[in-house]
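Structures for review follow.
Paired with subunit B in one complex and with subunit C in the other, subunit A is shared by the two complexes that follow.
Coming up: the complex of A and B.
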């Protein structure tokens, strides 16, 4: 171990060195997401802004794609972070993992440059392969699609082979199975079909099942490890709960897919399936409140890393409100008929993605920085601790502000554009011109700047937290060794 | 299969749907807090929150025309039962998974006889 408070790679194992690289790119892409979000938000207020240079369609695509990829980089980094610790052996195939990191990063840079400089191409197969596949949220060209699957497969090999060589903990077992689905489901978004309903049918497998199944399970694994590390929660308890939560998530989440099939031309029975599971999807979230209260009373919330724990708590609340409350408000088909595709969806998407996923990646970056600085003190009365608290505060105020502003705009759209004007072209413009919509866009912009300020503070804090600390981290009592499966 | 919501009922649907989840969380929170801190006085409040949830579910059912079909009426009933029983089930799981933890004893002592 090097001196406390100094960033030194000697403090990290091989997997963790690779994880730090992934985290670095993740934060850079997070910055890109914020930047293109701000530009897209400005274009709602000033439609001529960057028109013909960087159109709204390109900004929006970059904003959303950057989010998907930075979260993916963050998740991969988090898994490499815990891999040697969990398995008890060095990462198998680490050199290949490092190579793939550079391939993946360079591919992302190439895709972003093509998005920015080429933007669109003629309606032929070459454009799909080299410029843009045209599927919303997963617009990456076909070569990059294949590249992503290859990268995830190498990542899977690293993880599975390492656990097989070392010990297979409960967290490791769930993780390995989840990574099979993570790589496999992505391919569902790569097949061409001339029928738009069939195309959307498979496209939702990537969007919904990645997000509400494989990512949720991955986050469950990361949270399980995070709680062991920050609070010393017993492994047996955490792993038992991981199994229970995976069962609950799969029980309601997989066929919750049905609420995306309401209006894409699929058979009518999806209204019943989607409605049924959508009504039940929040029950696990509400039930988890009991578990959170139980554990809070049980562990007294003493942690080795307060910023990481705070972001994990933020994850629980963000997931509950973003996915639970904001989702259920407009998920039944009787009302979703009017709300889908309006700013309602954007409101739900902003809070749910930030609450459920961004928070856990940020928590892991704080865990990484702590060890990178020699396992430095990050509990109470941390020197310069105001920065992480203000970053957390500003990011949440900004996100809640955006969510509420989009909610008001979406509420207006669902009434004016959809219900009164019947979803026609003129209805669209009537909805866009309404004062509630326009004021909503102004408040979204103000909140976006608040969020951006929070991001700048977060980035500054991640670069400096623990730098002036000379105390070693608080130790938590680990009551048992990892169980062998 | 579905009867779309009337324009006049939009706000009622959004508000009652949000209330379902928030009252559900309130019920779960008070239920667990009452048991984990051995404060039985909180339990009536927990069930009051559940009554709020039930009222919200019924309001949602009326505003979203759910009672006009047997299938959607069944979903309303399922939500009422599911939200009522889920905190009980998770509490039992919590106690069961913490039985051999030393610090869990204080929690176990607060279980009602």
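Coming up: the complex of A and C.
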């Protein structure tokens, strides 16, 4: 055991050594997300900025793809992080897992370079195979799709085989079943059709059933583990909540898919089904808030890792407001007719992805750096503890600022462009030129810079937190060992 | 919460069963609906028309019964003056769709309302009055797609970049956009005022001079 406060991989188990590699790439991609987001935001204010060099479409694609991939890397890292701890045995097939990490990372680098340097191709299938699929969120070319499936299958093998060899906890069981769905769903978005209604129909199977179903369950598992680790919450309570969350998340989220089927050519019955089930989607998120806040209060906020706990509480609220409230606000077809395809969606997207997903990955990275430094003290009166608090504060102020600014712009678009001007191109530009919209873009930019400042501080903190700490971590009472399921 | 006996509705085993049954039931309903939906959105049906619909006039007209606008397929009005067979039309629309993907249209525009919000929605772009008149629309669209950089866009200074779209790709893209405008989208976009496509009476004067030669967006 190395001295406290020194980064030393001897402090980590095999799965965790792999996890910190994933986390490192995740944070680098988080930086890329912020950078390209700033560039795209600037182009709303200065349309000639980088015109013809890095057009809005490229920046926006990189902004969103960097996010999808950094969150995936973060999730994979988080699962490797808890794997040996939960299962009680070393990761099965770890060497293969390590190899796949490098394959995955190199593939991501290659895709990003092609996005930046090649950008677009001729209107042929080979462009879709080699350059860019041109389908929002899953733009990665087809060769990379196949690579992603292979990587995820190896990851799945690591996880499933390790739990099967060791013990299958409740968290482990939910996780394995969720990963089956997660990997399987991706293939729904991997084929070409000239029929755009059919295309978007299956495309939503990937996007919605990932983001609003399987990802939510995955973070439910991560949150459950995190609460046990940081506060010693009883496993029986955590796992009961996890089952409640799964029932409610899948019960509302699977048919909630229908809220993407209002206007793409799909039948009218989706208006009722999608409206009804997506209106239920906030319910499990309320359950997650109650669960996290109740547990934190019950344990009097005494945790082994205050930054991680703070980010988990942020996750509970961010998920509820970003995904739940902001989603519900425009999910019923009667309002969605006017908000679909406006900045309203961007407002929801920003707060939801940050609140539900970025937060939990950040919490796990804090868990990781703590143990990486020899399980140092990360509770109250931390040396240099202002940094994580200010990072958390600035990131939230920036995110809420962007969310509100985009929401104002979205309201304005719904009213001016859609309701009054009748949704044509003239109406679109009348809406875009309106002072309320323009002011929204300015405030989004100011908030974006605030967020970026918070990110820089976060990155600095993750590299330095616990460095000068000589106290060992606070121990919390673990009341029971994981039960066999 | 002092009792040691957990109530049945708060027990782990109850919720584990609930999680499994609710998930399975939702998935079964979704799969059942998916079969129906896929059948109904296959090209050639009532909601998503055959590709050869591009041989016809496509309008977007208020329907009293459904209480929103619906696409209406009108008389023969072939694209670029040429009537295509279903197979030829499919190839052309497909080429256009591939072009929209390869040129990453969706990361500025929305199609069927999905995509990015930096540029206008393309769902009904074929019917947009900004093209001026239905006679010049096809060629204006092709010219615009091939090099938008020097064309008039809007007062904001936001411009579409030149994406290396060939004439063949531009024509195919127009075909794809025309076909897309015929999809029944349950009234999205609402309140849309389509370009005037009525047949001009013989004595009617040519379009007014102030109609811009390029899309006056």
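FYI, the second predicted complex is superposed on the first by the 474 of 485 C-alpha atoms of A that agree within 3 Å, B and C clash if a C-alpha of one lies under 4 Å from a C-alpha of the other, contacts with A are read in each partner's own complex, and residues count from 1 in each chain.
By definition in this document, a residue touches a chain if its C-beta (ideal position, glycine included) is under 8 Å from a C-beta of that chain, and two chains touch if they have at least 3 such contacts.
Just so we're clear, the structure is a prediction, and the values are computed from it rather than from any experiment.
**Q** Taking the superposition as given, does A:28 touch the first partner, subunit B, the second, subunit C, both, or neither?
**A** neither
**Q** With both structures superposed, pick whichever of subunit B and subunit C touches the larger number of subunit A residues.
**A** Counting contacted residues of subunit A, the larger count belongs to C.
**Q** After superposition on the shared chain, which partner residues are touched by A:195: those of subunit B (first), subunit C (second), both, or neither?
**A** Only subunit C is touched by A:195; subunit B is not.
**Q** Just checking: does A:272 make contact with subunit B only, subunit C only, both, or neither of them? Give me first, second, both or neither.
**A** first
**Q** Once the shared chain is lined up, is A:313 touching subunit B (first), subunit C (second), both, or neither of them?
**A** neither
**Q** Looking at the overlay, does A:254 come into contact with subunit B only (first), subunit C only (second), both, or neither?
**A** second
**Q** Applying the document's definition of touch, where does A:103 land relative to subunit B and subunit C: first, second, both, or neither?
**A** neither
**Q** Thinking of the overlay built on chain A, is A:419 touched by subunit B (first), by subunit C (second), by both, or by neither?
**A** both
**Q** Return first, second, both or neither, reflecting whether A:338 touches subunit B, subunit C, both chains, or no partner chain.
**A** Both partners, subunit B and subunit C.
**Q** Is A:161 contacted by the first partner subunit B, the second partner subunit C, both or neither?
**A** The answer is neither, since A:161 touches no partner chain.
**Q** Under the contact rule defined above, give the subunit A residues that sit at the interface with subunit B and also at the interface with subunit C.
**A** 236, 240, 244, 268, 271, 333, 337-338, 419
**Q** Quick check: in the complex, which residue numbers of subunit B touch subunit A?
**A** Spelled out, the residues of subunit B in touch with subunit A are 1-5, 7, 10-11, 13-14, 17-18, 20-22, 24-25, 27-29, 31-33, 36-37, 64-66, 71-72, 75, 78-79, 82-83, 86-87, 89-91, 93-94, 97-98, 101, 103-104, 107.
**Q** Residue numbers of subunit A touching subunit C in their complex, please.
**A** Answer in residue numbers: 40, 43-44, 47-48, 51-52, 55-58, 60-61, 119-125, 127-128, 131-136, 139, 170, 174, 192, 194-201, 236, 239-240, 243-244, 246-247, 250-251, 254-255, 257, 261-271, 273, 333, 337-338, 340-343, 345-346, 413, 418-419, 422-426, 428-429, 432-433.
**Q** What part of subunit C is in contact with subunit A in the complex they form?
**A** 10-12, 15-16, 18-19, 22-23, 26-27, 29-30, 33, 36-38, 40-43, 47-48, 51, 90, 93-108, 110-118, 120-121, 124-125, 128-130, 149, 154-159, 161-166, 169, 172-173, 176, 180, 183-193, 215, 217
**Q** Per the contact definition, I'd like the list of subunit A residues that touch subunit B in the complex.
**A** Subunit A residues touching subunit B: 234, 236-237, 240-241, 244, 268, 271-272, 275-276, 279-280, 282-291, 293-294, 297-299, 320, 324-325, 328-335, 337-338, 411, 414-415, 419-420, 479.
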